[in-house]
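Before we start, here is the structure in question, set down as structure tokens.
For reference, chains read A, B, C and D in written order, and residue numbers begin at 1 within each chain.
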């Protein structure tokens, strides 16, 4: 993207809008400052980028907006560290750096003509949201679309407006849930853990691809459920996250065994994940 | 606080770490009493001298302070009973360390200034400022900030001029 | 094994001396593991290279029978008992082989409530000294290969250990190199002192070996790893290096037992123990505190007297 | 045709190169340690000891700026580093275990994405390697496929001769060019006999077998046995000629500062720590395992090379005496 051959040089982007998804999760809508970059920047669903807050450093998040929506990108993060806290202090109009897109992506074209089941937990919806919108924008290419999304509590559900939108449109089946004890009086979803709710919802595995993203514990309990529902490991996709610095396969920290999450991932099939060394 | 009319060649940057209960109130008193003291001092307020970590002092020097003042309640007056007693020992040790690595202790001043001692605050600040002014800028930490390991710095030698007559002479003198 | 009975000065310490200690350690370690006094023993095993040794955590009598003591047993093993090595040893009473300098660290850790004396079985070593870094490893300890810290050792006898191995023997006529070096630095003009340390610190690569081997650097979150806010620059540049070493010296003031492990492990040969020693000297002069073999209630910077010196304060 | 250069002329060569405004780097006594540092004159060159740090820092500095940023009139401006300013460099006096490391690192620095900081320095450098006649019981270059006289990685290779001069062999065009430009310092001839090499304790390892064992023993009691004593410092990684992990950090204010890339080590507890607190390599033996795996398996999987030159620095420097050669020998000797 950059004119320079310096792979560490970010493109500058302006924060166009800020959305607080939950008390500690925030979405930034970013518009590249350079006109050429703005026009030429393209990515595929599932890719990530390095976002920098000048003076604090870089942090890795997926690109949460859909590749089909041009002109801006979105990132969504929870403020837990030095960089994310500083990103949170930024306001509309401020500048951030964006390096990317990096990594592989979901092979959307291979999903054409199939049904899709998205399963996400907590802050892990953004990496799937990019795919969801990508698919919804190409709705006629897919059969049934089911979204199972859960969080610890009602307040922790991200993209609330979009959840509502998905719920209201007739061509998506949204099953949202919160952990026991996390529901408010007006909560209209289910109460239970994602794997349990998924099993109850029992989407058909026939000609269907499952896309899973969530905390390790959720993944651990979801995979057996999917297996029971008849999904083969090749039809289950997930996206991994590890601590990264360079994003381009050099700095040596994101590897799981000999797999570099930044280069060989972040998108893997369940078969690939299982084949990875026991480290994951 | 009116700016002094007298112009100096060098205006030192003085950072003052003060406790909120005594010295900050003392400095405030100096202000409300319209006492005059050098405007070189930047005051940073802490709950107690016991909270003033030596690393803050280092940081101040690193970021360009020419002198540092640490000031709090008189012994026995600490709002938290013993914060300044502990600080006293810590700073005594820290002074020894700084001196051992070659920092001029004249740039570092400790004082007890109570909430009633606006005059003492003025004296301490004025004395330190004038002393540091005569000493000139503190070069050590500032220079260090810009130093690099040689490998980082490798660009510098590229600026060297290729002096061909000299080089020719060198070639000729060998072999 | 009455170490105090006699004290001999010799020109070299033969391998036989260390072999005798080795035997005593093995006997003791095997015994306490067999009768389940301890869950494990921290000691030394020989390395692949001739004349080397490395720390070992042994849990069976069989392994304990292989423990050694030689001039290559330089490590201060008390680091393995701290929080920093949490989880490596099972819970329970632990045996540890300790030289006098290591025992000072144990005493310090007990002072700081990191260890409890009842949880330890200390196999003390009456240590005549160990090799310096990079010294010739001949098996015999001489004036030529003894570590700098050992030249001025004041804790040959591991007083307070559960058992002690060895007889009190010291090398004769050792010059106090470190004390001389410190006097030399202290006598330098201020600018020269700055240049001296600047040169040393600029070589630092921030491998953190000094911190990692230090028994007192057991903080779960080191100030220098913190970045919210960042107190010390993390990049290995002269500015951050200077700050790091000053912060460390300050954090060790009044705690350091003087094992000089930081100096030994420094791959860049920075004389770090000089800093710690200077601080120890200051605290001795000011508050009459000296790191010793006995745990105390509080370190010098954790207490105060109302009439402490404040001549430097206006 | 074989050529020789006398020791005096080797030093003269350095003097000339310095005068040509080249950055000449070689082993030099710095305080009490020998390090690779810029040589101001031929007399600075010290060839009696292996430098404590490897020569990788010539290409992969311990810390370097990768960009600077500044807010001007409210607008953030990011400035690239002018890599054309990197000087022409000659590395002199690197033994095969150092001279050979860039040849290994080139792969990771240029797969897919090119790290131009490294590559530009590589392009602008000429490596004058020297056969190693020192060596001690920590050396094991033969075991990882190198040798005290391995020319790989060198542009010009020197072999110390018994009379104190050096036999020269131009290995690459760059080396040829260096000789050609200073022809009067070199003489034709084969010279006297070379200085013999030192025997190595660990002579030959079956790296394929080791890799296979590593593949099958991700979980193995060996890891706890050898790595429980690891104290988690970065000494081994930082002085290693092949370790290339780094960290990127911003230093400065939000308005004006630089972004820096600097060495990092897989042994540090925080290396892989997620912001959430989750740490995939949460205990020291996992971190140590990654170090061995990376060197002898992962790097080979990815790039077909072993990420180790057998220089033995980590063995000499390890605070707790962890001996990588011993570990490799142990694995090599395993039956299963």
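Just so it is clear, a residue touches a chain if its C-beta (ideal position, glycine included) is under 8 Å from a C-beta of that chain, and two chains touch if they have at least 3 such contacts.
All of these numbers come straight from a predicted model, not from anything done at the bench.
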| item | value |
| --- | --- |
| Pair of chains joined by more contacts [C-beta pairs], B-D or B-C | B-C |
| Chain centre separation (chain B, chain C; CA means) in Å | 34 |
| Whole-Å gap between the CA centroids of chain A and chain D | 39 |
| Centre-of-Cα separation between chain D and chain C, whole angstrom | 32 |
| For chain D, residues contacting two or more additional chains | 62-63, 247, 249 |
| In chain A, residues with contacts to at least two other chains | 81 |
| Residues within chain C bordering two or more other chains | 236-237 |
| Graph class of chain-chain contacts, one of line, ring, star, complete, other | other |
| Touching chain combinations (by label order) | A-C, A-D, B-C, B-D, C-D |
| Residues of chain C that touch chain A when the two form their complex | 227-228, 230 |
| Touch list for chain D against partner chain A, complex | 66-67, 69, 75-76, 78, 80-81, 83, 108-109, 111-117, 218-219, 244-250, 252-255, 257, 259, 261, 264, 266, 271-276, 278, 280-281, 286, 290, 293-294, 297-298, 301-302 |
| Residue ranges of chain B in contact with chain D within the complex | 148-152, 154-163, 166-167, 170-171, 174-175 |
| List of chain D residues in touch with chain B within their complex | 9, 12, 15-16, 19-23, 37-38, 57-58, 61-65, 82, 85-89, 121, 184-185 |
| Chain C partner contacts - residues on chain A that touch it in the complex | 81-82, 85 |
